[in-house]
Amino acid sequence: MESTILKSENFSAWFGENQVLKKINIEIPRNNIVAVMGPSGCGKTTFIRCVNRMHELTNDTHVEGTIFYTKNDIYKMDPIILRRFIGMVFQRPNPFPTMSIYQNVIAGYTLNGASLRKPEKDELVEDSLKKAALWDEVKDMLHRKGTFLSGGQQQRLCIARALAMKPEILLLDEPTSALDPISTAKIEELLFDLKKNYTLLIVTHNMQQAGRVSDKTAFFYLGELIEYNDTKEIFTNPKNEKTQNYITGRFG
Amino acid sequence: MTHLDSELQLLKGECISMWNLVLLQINKTQDSLLRFDKDLAREVVLNEKRVNAYELKIDRDCENIFALFNPVAVDLRFVLAVLKINNNLERTGDIAEGIGKFIVFTETSFDKNLLEVAQVIKMFNEATSMLAEVLTAFEKEDTALARSVFKQDEVLDNINLKANSVIADFIRKNPDKLEQALYILSTIRKLERVGDQVKNIAEEIIFYVEAKVLKHKKDK
Amino acid sequence: MERGIQIRKYKNIVLKTGVVLFTVIVTLPLLLVLLYIFKRGISAISWDFLANLPKPVGETGGGIFNALIGSAIIIGIAALIAIPFGVSIGVYLSEFRKTKLAYWTLLSVDVLQGIPSIVIGIVIYLWIVKTMGSFSALSGSIALSLMMLPSIIKSTEETLKLIPDSLKEASLSLGVPYYRTILKVILPAGISGILSGVMLGIARIAGETAPLLFTAFGNPFTNTNILKPMASLPLVIFNYAISPYDEWHELAWGAAFLLILFILLLNTLTKLAEKKWRVQF
């Protein structure tokens, strides 16, 4: 049986007076890729930012209801601890510009002041870059700046950086929207491989992408979770008319 | 290998399994006809359910691949071809089942002489080898091999053309074996249909590998 | 049509020539001033000039060693005071842009930038020199650090504002606490801007005379005690230039030359530093 790793119960979120998420109930099974899609402003990005509490960076937000990470209420956890279990990859690749590729991968440790011995660091860097399918491309230039890489490589570097923290869940906020099709395909293949060891929650504007990579798909509209089901079901036989209109491109 | 590639490989595997099952069905039908083995014929009839299950499964897989992966170019042609081959195989399975039912319904064993003059066994062998050859062509994407079955189909057509007079002749000589003679005639008609299905399959293979449409063309 | 285009072409030429002409008119005197100072100053420079103390009136020779040491100490301490405050305020302004405190702080910084240096001198004189009972290098440093602050604050704030939020998010999403994110990610990424702000600040105060008149006061002897009056280059220039003696005028030219050399050097270094430390996002 698949166990649930993440579960939200009647979860609502506000920016100021504006309610952006309305009583979301969703269960994310372990080792699945769950795609979150919907039109702009539907709350999908807000939802995944709430999962690792990054939304708190924005002023004047509050939430109701809860999200459970395994058995723990994430709003009772220390966000700094929480974020080590739940890594995040952003829309635009954002390697640390002052650091080399090598330093970028272990940035989660060095920035936290953890001291690792050289062999530990080497192993971590190689392991993470291999998992992110970047090792072969960069192994001879680990000490060049991370920003020297191409966009697609930078994004995989960011994935490696998140993986180095050994998270359980990886949140991806439109990770390929700034990339060309070839880099996008590489990242998608990578996500598929990562599924074995991680649970992935990916926000995407791109319906084909949701179809290609995900096991389950959640469709958000105006802050509500309209439909959540196996991706095959959503794409061949959506139950809700709004979902159907959205995935067939007839929205509005 | 990309995710789509692995899905396509799985689909191809499914298709080949179904193919082997259909081949087995025809072989069993042939055996049961030769040995007048009604139990084996019943098994063929029952196994038709498995063929149908394969058809549904492959249909659904194709649908999912279209919906989730939006295949293009050779991938698109492959899935389209599989979708149609699936249909042809299912029909071929139906034919085996139909012949199996004849055997179940027939009271007395078939006249060896009848089978001989009507060339039924030769038809069976020919049809089986054609189906097996296009399977190899499908597995290896070998269009030359696929094209070779067009020639072989003429053998089936010839036997089928002569069948009317042969069977009429047999009935005149053995009026008591009228019923089984008619069953054999129907069997010949059905086996001729197998040849047509195989030709269609060969056309689909050529379509997917070479992107050429051979349907409804005289010169192949 | 043809004529219209001709007229536009002429207008174009006139404007271009005008712009170049005015640039030359303004730059030329500037270059002349520099040239003149170099010509007058370079003859005054010698080892004795750099290493000796000023001689009493009537004796030839003498140097400005005390002023060089004094300037270095006063500017150094001013920078030590201004950098931590300036960078902190800059970080605050860029991180909490929308708060009321930020608004008022920004306004105060703008006002501070506009206050004449002599006014700052008087204020520090009243607040520190009077309370402590004597002129001192420290009070001079404090006055100069006040003058440096706006430049550091502004450049820090503006540099940090340009650093994309995604960088901060990247760090926070790795479970790095906020304060470490600022110290280890944001500040290093903005180092070139901050550094250039500091250097330009130093360049600005290096030549300030007015606030030092009431605070560091000047001293004919070498002094390293920051609680005592201390000499400095601008003070030397001021005192010697208004004196009636030709030898002292010579010394003033030499000091002016050194000062300008120092400022030019700082500006060049700033440009180099900006290039070398520039961070690509």
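A, B and C are the chain letters, set down in written order, and residue numbers restart from 1 in every chain.
Here is the rule we go by: a residue touches a chain if its C-beta (ideal position, glycine included) is under 8 Å from a C-beta of that chain, and two chains touch if they have at least 3 such contacts.
Bear in mind that the values here come from a model prediction, so they are computed numbers and not experimental data.
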item: For subunit C, the least number of touch steps when starting out from subunit B; value: 2
item: Central chain (distance from its CA mean to the mean of all protein CA atoms); value: A
item: Farthest chain relative to subunit B (centres taken as mean CA coordinates); value: C
item: By count of C-beta pairs in contact, the leading pair of chains; value: A-C
item: Whole-Å separation of chain centres (CA-atom averages), subunit B against subunit C; value: 92
item: Centre-to-centre distance between subunit C and subunit A (centres being mean Cα positions), rounded to whole Å; value: 47
item: Subunit A to subunit C touching residues, read off their complex; value: 52, 54, 57, 59, 80-84, 87-88, 90-92, 94-98, 107-108, 110-113, 145, 147, 158, 161-162, 165
item: Contacting residues of subunit A [partner subunit B, same complex]; value: 185, 188-189, 192, 208, 211-213, 231-232, 235-236
item: Residues of subunit C touching subunit A in the complex; value: 98, 164, 166-177, 180-181, 184-185, 188-189, 191, 279-281
item: Residues on subunit B engaged by subunit A in the complex (per definition of touch); value: 2-4, 63-64, 67-70
